[in-house]
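In this document, chain identifiers A, B, C and D correspond to the written order of the chains, with residue numbering beginning at 1 in each.
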């Protein structure tokens, strides 16, 4: 598929996310976040020049010299507008005001209500697979106005009926359970994978197909998903990255080709 | 009296305090604190080279270029070792660990148990005299290992039976009431005024005379104090500032003569 | 998307009855240009939450803009007690919410985090007696350290003064930030006056000075000498004569009214005020 | 009163059963020289509270020094999952206190303030189910935002790595400080390794870099390449080959023992380790 679009999955996901980000929005980006940084800086170089993002760990604001680095990397200091300390940043993530418009996250598992898991597969006391842990994920998924989930490998073990460990609240048990349990409205907006783009049906909050990448079928998605994915009619084909998007991404955002050398 | 000692009251009080400060101790100094800064930097220039002090408002650590300035003055940035932010500093003032060894404070009123008042004389709802307020005083008196009180004008309205408003806890109602009510041991160690030096009797925690400045009598102190000051025997005369102390104070600590032009 | 606004437009968000915080510290960075605009617009019935301050809260109180003020510390230091605050307190003409540093820090932090309250140690003072709303008891377990609850402080608007900002609203400080950052986090609307506007390139080159990133700022007002007569670090020092004149004028109602007329009501804004005080230049210009 | 200590003397304060925190962030400033000394001294039964980390907690776990570890985030990022942490978790050979960023920040801040606990928002996760000690319910008023109590975290010792310090213990960072400062506030004993010792004059001239003033520091250990194979800002970058070799060695018990023998047990201290990795020079030397 990457050859069809003349881009890698990481590049495709960066472009798809960038399109959904708006001018003037505020975002927080976690650790190990090449796609997230690329999406924010691509949007800033296209339609959202005052989109504002901060590195969760390092606190550097709007770092951009055309090179994608780990967000905690001290070299981002040289190309940022400000630096915020970590405990201060944790304080900022508020509730009804939702200081952050969006966050972008990866996960070991996501379920049909958009809850995510980065802690463990199997029981916590005796996991089959032990993941890295939670760090800011609970706060970002619970308290940003919306969040995106990046799943570069769409398979049944990653798209599950119910996450084995819920450390990133999506729509909890679906319907209105998220707000019933005291979390602000919002939650997961889009999930982007190597197969397609997905959102959540407004009333049940179940995951559904928005578009499929070129060559991908509904059956293929269902076969690789551990729950019944909602489908309304015949989903459209994902709009491929434009020449302009790819040019700006490769020349102004990721000039050293970090995303090209990734998957 | 200032002519006897060839120094102003501010200089005398700075010297008396400096003598009681120890090497390696940690201190926090409030706003409008010329005497406090002078005491710390004089001690650092004499017997306590690693005494460590921080400006409460400005956060500048060990600022010293031989000029006494308000502790919040940005010019102290140029001659400090570090700068700490204010909210972070407030967090530091802890309880059983007592991060700060000592604080030095002024007051509108002090009572016989060393409680202090900087809020109001008379009832709070209709004060005869409205003072500036509390800021860090409650935390510093409650939580430093010990504190000093500087009272340049010793009179009955300032040394009172009971403070009209208690916003700086000393020994509360005397005896063990301070620790009974959950505050750490410690409290006021010395009070220095234009008449003498005072401490607190270990069991009752009542204020008593340690020494009287040259020419001052016990009767004079009692006449200017609104409660019965404890006296044990005939109090000694306060040791006058030495030539060395005065030379270092004027040449290395207060080279522009801020304390000389004060009272 | 420039955040630069005229002073009139910026202050128009403040309505009678709102809670307004002011930043700085005693004679440092009092947001005087913004305060003068409030007086000029005759906005009244404000609840004031001043960081430890001097002429900013004192002038607002003296001009009758304040119904209730928080008091952490309001002082004129070497010039004595705050004259209008003192008078208002002694005559009982305003309400006073007596607070200390930990209470305002804890309350602002709870406000920033949008938690209902924060926790601070119980320091056994009389403050809870006179301000029971801001110091509430906490049930403590046996042997547990005694604490007090402090409710979240969320000012409707905060007024700050800093040295410079870019058009995007990145605000730079050449001085300590005191409670400014915490207040900006907790407040719902952040207005900053700055002595000068600089380019975005300047901000990126000196990013370490950017203590208030643009995302926290709603309006930037260009106001050279906007902190006068208090200090703006590196740009101008304390105008001691002006402070002394202010204190003197404050002793008498008609003299104070004349002061306000001359320095506030007759100056349409920061540019006119700057002329009125003799068009001084910045120290580091 | 110099705070400079030999690495052996500095680490001697750590006793079996103590709670030890480590600073830095994933591949940044892991206090590896100090960690290696713990392994060398065969100190066991530690409770570990690592800031989001990589090889520092992973090596301590792999070497059998850890009874229970907090887990905020332990990851080898582009190199995969943390190999020894993962193995220990999957075999159940260590206890895991699952925590998130707000819980550790709230707990450390409560520790620094010496309050019994702090408050954080209830984010409706499964974390309280598996770590009920660190996430306790709070009785909330009707309509009030739901919160959780997090008990104070007060590590007995914290291990940090920074770029430079003076003899007095003023520690300077040329990088973000992550949780380092908060950990130093909360910990009862603070040990910092630095790549180089500088003069007190250097510190005064560059005071803005002093993020840990001397009063917060108990011991400074001179350890050039003390964060290796992780990054020390401006001095050396991530040694990717070393990390990859470590991950590979970790797949097999005897290969991992050989790694520890070669890079830890046979190197008496930082100087020998520096030789062992080929005596590289600082980038900015």
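Quick note on the criterion: a residue touches a chain if its C-beta (ideal position, glycine included) is under 8 Å from a C-beta of that chain, and two chains touch if they have at least 3 such contacts.
Treat the numbers as computed from the prediction; the structure is a model and nothing was measured.
Common neighbours of chain B and chain D under the contact definition above: C. Counted as hops between touching chains, the shortest connection from chain A to chain B is 2. Each of A-C and B-C has its own count of C-beta contacts, and the greater count is at B-C. One inter-chain figure worth recording: chain C and chain D are separated by 40 Å, centre to centre, where each centre is the mean of the chain's CA atoms.
Note on chain placement: the centre of chain A and the centre of chain D lie 28 Å apart, centres being C-alpha means. Residue numbers of chain C whose C-beta contacts span two or more other chains: 109, 113-115, 121, 145, 181, 208.
Counting partner chains per residue, chain A has residues 77, 83, 93, 95 touching two or more of them.
The list of touching chain pairs reads A-C, A-D, B-C, B-D, C-D.
Within the complex formed with chain D, the residues of chain B that make contact are 23-24, 26, 49-50, 52, 54, 61, 77, 79-84, 88, 91-97, 99.
Those residues of chain C lying in contact with chain D across their complex are 113-121, 140-141, 144-145, 147, 208. Interface residues of chain A facing chain D in the complex, by the touch rule stated above, are 31-32, 57-60, 70, 72-74, 77, 83, 85-87, 90, 93, 95, 119-120, 124-139, 141-143, 165-169, 172, 178, 181-183.
If you check the complex, the residues on chain C that touch chain A are 1, 109, 112-115, 168, 170, 181, 185, 188, 200, 203-204, 207-208, 210-215. On the chain C side of its complex with chain B, the touching residues are 25-28, 52, 71-75, 77-78, 81-82, 85-86, 89-90, 92, 96, 98-102, 105, 108-109, 121-127, 130, 145-146, 174-179, 181-182, 231, 233-234.
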